[in-house]
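Before anything else, here is the set of structures, which you'll find just below.
You will see chain A twice below: alongside chain B first, and alongside chain C after that.
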Partner chain A sequence: MSDTATARRLRFEIFRYNPEDEDSVPHTDVFELEETPFMTLYIALSQIREKQDPGLQFDFACRSAICGSCAMMVNGRPALACRTLTADLPESIQLYPLPTFKLIGDLSVDTGTWFREMAEKTEAWIHERLPFDPDATEERMSDDVAAAIYEGDRCIECGCCVASCGLANVDDTFLAGAGLNRVARFMMDPRDSRSDAEWFDIVAGDQGVFACIGMMACEDVCPKELPLLEVYAYLRRRTLGARFVAKSDRAV
Partner chain B sequence: MTGRLVTTDVLIIGGGLAGERCAIEAAAAGHEAIILSLVPPRRSHSCAAQGGMQASLANCVKAAGDNPTVHFLDTVRGSDWGADQEVATIFAEEAPIAVRELAHFGVPWSRVRGGKNHYFIKGEEVDIDESLENDGLIGQRDFGGTAKWRACYAAAGTGHAALYAVDSEVVRLGITVRDRTEAVALIHDGSRCTGAVVRDLRNGSHFTVIAKATVIATGGYGRIYGQYTSNATINEGTGAAIALDTGVVPLGNMEAVQFHPTTLSPSGILVTEGCRGDGAYLLDKNGDRFMVELEPEKQELASRDVVSRHMQQRMRDGLGIDSPYGPHLWLDCRHLGEEHMRTKLLEVWDICRDFVGRNPAKDLIPVRPTQHYSMGGVRVNKDGQAYGLAGLFAVGEASCWDMHGFNRLGGNSLSETLVSGRIVGRRVAEYASGHALRADTGLAFAALADAERKAANWLARSGSGPNVYEIRDAMGETMMHKVGIFRNGDELQEAIAELGQLLDDCDNAVLRCKDPGVNPELAFALRLKGMLRLAMTVAKGALARTESRGAHYRSDYPLRNDKEWLSRTLVRWGAGDSEPTLSYEPTGIIDLPPGHRGYGSDERIEMTETLEKHNEDVLQEQTRHGRLASTEDMGSRLRRGAWKSATG
Partner chain C sequence: MKTLAATPASHSLTHEIISGGSGLVLALFMWGHVVLVGSILTGERGFDWMATFLEDYYIAQPTVAVIFALFLVHAVFAARKVPAQLRERKRIIALAKGLSRSGREKVATRTEHSPFRPHVESMLWIWQVRTGMVMLVLGSFHLILLGLDVFTPLFGDIAGIESQTSMARVGAGLWLPYAILLLCVEFHASVGLYRLAIKWGADLWLSRSAMHLIEQIIFWTILVIGGLTLCVLAGWVDPPLAFLLEGGAS
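On to the complex of A and B.
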């Protein structure tokens, strides 16, 4: 592909629908473009919008695979468009918006609302023991624990896992990969004071980890390569322990 | 009309670290706060900060002896004496609190590992025994322009971890966030700001928010440099632009623009300074580590302005590596090893793999300097209160609070967002407590009608006019090549003429998309004029400032001139004026006398006025230029002479 003499002509088939336009009906449009070296879908879509169809809707912000704005279905698979190199795709490229999330228009979907609701539902914040004391030295934490929490914190809430999840596609209350990973991140944080019984209520219901039917597309599509399989195993282990605790609580 | 007029106590325009931290403070004081953001707040550009956040915690061996005074010294030197020294003092003192507070909110800071640790320092492999006593405290890494290791970090995802933690606090407090909205105008009567007109980016409609206090926290505006920036596509400067539109609020030091030495060529995606902090080298096409010879003391870790200029000069001298996108240099991380790259610098590993298909443990990384940070912004006093309009505040990168002067040190910006978010948030809360909601709906609806008229005018214009994206690209070329790393009078004149032409073109530009609803072309067009006006203030300020200071480098005036230019540029754009008006105020009370930074050139034109004389007039002069009174007296937080013990 570095040889521009043999540059490919890419053919994009893009889903179109503008809910704000009464005359708009869902359909696809086709655009063609000459491939250039290191072309990403960010570069390609920007060119299409700026040179061919200025009404085309999509979302990019960081354009460096950090902010999670740009997930879409690329040839049937959820992916971050900004870091998808066209060189890794065939000449014919189909782009659709992520399912599960509310459509804003064309390739743009409302992930913000979904993730805020998930955060509220799982109370995804540190349930602290004491108020912050500005004069105190920080509490200690081993670097290994910090690194493990960071690993869970790396999720960029792009929604790829949610879109790939068979269950989330039919049940919009299911926490899906991103939600379960978020819960695990707080669960393993020694600063969070929630008890196992409290975690049990969040994780064990219909929306939680036991509802997962184990197809594991989520782990395959995660652009940050989060070890979701391990995350679910951790949640199951901790929750089963919690159920045991909850039962014996009741016994006394 | 329902929904078209919303009222609240505090309106925060911007959901990055600065805006959210400020909102938390206002909400914790019992006020209702609404945050507006172009994107879901966690996607704000704060999430892209990789390397670290400066605070003098002094937990590592190489950080030993660090304290707020040393941090203050580094910051003022880094600023090339352009900073307000009282603000720099407050900042350095409160940065450790801000870092620890983030730990309380949940940031998984990398921690000190007691015992033997393996580091690279100035290219040498070194083993250092970290004390067991400090095991588990928050660790620090090296960054440019600092005397001590001071950058606290969460791997190479510091901004991400910080933003997620702060946003989870926003969720906990139940603060309303309206994402996909954009403030397009401020509502004001010439002396008080009472809210903003907002465009709903989900459907293209407009509404107004009336508030007791309004805060601009819209981040940087690197996109006035077109593609030549490390900033996100959303960093288009609308916050600074709507402040400029008021005609009464000045922007400060707009010519102070930072270029980051290492962004990927050609995409401009940032490769953190943490790489060089951890020991990476810069190489030219001959494989020479040129920084060692040019800056023997700090080498690759001199301040960003100095490193960027050396790199640019290297490429001008034909020692760059040629590519279809112009020359670049190499960043060499190979000796740091795969394990280090995949843990402490994981984000860099990913970026190299995803965008240039390289493995930094084996391959060299193509880098070149591009626009990175906006030191200038909405000029505010130490409370964050904007000059000229009561009830308007600004915080974070959008503001000129002014602790960065003419060059920001790496890692000082994340700390600023949180330190100033806390402080300004408190002042905003006090203001909201002391003032009633002034629901002048006439003023609000007039501003709303004006915003709607602007959008309608764009849609109504037809025929064959210029295209908005071409104007944007032309602006970027002009800014990078004529208002960039090296500047001179002739090119700046040309830039001003070109920007003037682009402003005219903008008035005649024609949209090709007339779709109802979101209309991305219209949304961009509505920002374009503001971006061009910001670009013009940068170019004008740069032309007028006939000296070199920090990131502002004039080849035709290569010396720092403390005799004539120990001042801050203020720029206003009066209603109906065809160009902006510049004026100058003293930078602030000077405690640390101007001197050598410790890197870069040691030559300068000395100040002739005595410090006593200089300091006498600061309050009066700044007040004359629009500064509103701060809660505490000017200078009350300075720790006069404290630096003497740190330099001794």
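On to the complex of A and C.
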């Protein structure tokens, strides 16, 4: 890490626009500041807001890559501001809000509405097989299944995969990485009562995994490094199987 | 459960199987194609023997017809994923350029824990669309030309594919469209196989980086053999494997 003697002077080009303000025009503002050791984009943005422009809008909450609210386009790639060290970036840094989501202002976007719609479309909650019995012992689950479900549940809904998806950028109904990951998580769960035939319309529909154009950016930008491409391969094969099983059932 | 799809979900699956399956067959065929045309590397006699064999046993004629049909089917079903509006395509190109450039800048202070993993596949997708468009034109031309070569002898007293005609054509200037076609086909096919393998088996056989490496090895190998074949056909290079057939020359 550079010491103060050789500290870099960082140049931030930040997108500015307030949709609530009729006089506001989309443009970029340039801010400069001295890099400090272990500076993250979140720290840099906080400094800019504190010392240069108190009106700058950006989201944050946890500062430790778990709340998923500080995702933004950093030099053309979605990333979490709190997890990105300025040392990994060139001196010139361009910050834009995530595409595909509704802009609140400057770098702040509303990911909540998108994720809520996705959850409602896919009914992303456990559909119980039996009525809940508080006295019954819990059903056992194998370690492998539990680990696979947990892996899918690590998604923090930051929206990086959606923003990096070519298809999601031109078709706002596509389930994208986060949505397909969520579907797979419930398909794996033995506590969920939905059969593959019931899932078929969601997974194989024109908003599902077969609409994916295979650009693979979702996995490369995921801050939690979720194995999204493996999730899609699983969904594809399971849907293919469901199709053949469904056909042979009908034939019988 | 609510139905989300505007069209029946089974259609999406069927379309995916048709576009992926036809792409797979065409890509595998191109490997065989390289070997067949590569017979010119052993000299004109090798090439003519191969061509006569394939035509006399009626292998060439149905192959050309089936490949042309698959070619058109693949174009129709693969093109359904290309956004129709120019505005949408521009958006995807801008996104892909940003994604492939970021993380590649020379940064002296970069830590080993940089979260910016290299990403090229979005740009590869765009180049697949572009090469696909070029192939639709040049490939159709090539397939029609070859179709005439193998089908007209069935109706008249004309020779089929001949090294003399092929070399005269390539030398006269057809080398340029064929060179472009070769580059487009091999790129499109190797990237397509890589994408197909990731789509259906990212968690099964090999890691993604291994599959990407194999894709690049296939691309360069076939491109070099194809390029050499084209040079021999154009008459710029002597057949390097001519010694294989020397025994029967006298």
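One rule holds in what follows: the second predicted complex is superposed on the first by the 247 of 252 C-alpha atoms of A that agree within 3 Å, B and C clash if a C-alpha of one lies under 4 Å from a C-alpha of the other, contacts with A are read in each partner's own complex, and residues count from 1 in each chain.
We adopt the following convention: contacts are C-beta pairs under 8 Å (C-beta built on N, C-alpha and C of every residue); 3 or more make two chains touch, one makes a residue touch a chain.
Owing to the predicted nature of the structure, the values given are computational and were not obtained by experimental measurement.
Of the two partner chains placed by superposition, A:N181 touches none, neither chain B nor chain C.
Contacts of A:F210 after superposition on the shared chain: chain C is touched, whereas chain B is not. By the touch criterion defined above, A:V170 reaches chain C but does not reach chain B. In the superposed model, A:R83 makes contact with both chain B and chain C.
In the superposition on chain A, A:A136 contacts chain B only, with no contact to chain C. Using the contact criterion defined above for the overlaid structures, shared-chain residue A:D189 touches chain B, although it does not reach chain C. Of the two partner chains placed around the shared chain by superposition, chain B is the only one that A:I156 touches, whereas chain C remains out of contact.
Of the two partner chains placed by superposition, only chain B is touched by A:C67; chain C is not. According to the touch criterion, the shared surface of chain A, contacted by chain B in one complex and chain C in the other, consists of residues 83, 85, 123.
On chain A, the positions that touch chain C within their shared complex are 1-2, 8, 73-77, 79-80, 83-85, 87-90, 99, 121, 123, 164, 166, 169-170, 194, 198, 200-208, 210-217, 220-221, 223, 227, 229-230, 232-234, 236-237, 239-240, 243.
On the side of chain A, the complex with chain B involves touching residues 18-21, 37-38, 40, 49-50, 53-57, 59-69, 83, 85, 104-105, 108, 110-112, 115-116, 119-120, 123-126, 128, 132, 134, 136-143, 145-147, 149-150, 153-154, 156-157, 186, 189, 191-192. Contact residues of chain C toward chain A in the complex are 1-7, 9-13, 15-17, 81, 83, 85, 88, 91-92, 95-99, 101-103, 105-107, 109-111, 113-119, 121-122, 125, 195, 198-204, 208.
Of all residues in chain B, those touching chain A in their complex are 39-40, 42-45, 47-48, 97, 99-101, 103-106, 108-113, 135-139, 154-155, 157, 160-161, 164-165, 168-169, 171-172, 177, 179-180, 202-204, 232-234, 266-267, 269-270, 324, 343, 347, 350-351, 354-357, 467, 469, 511-513, 515-521.
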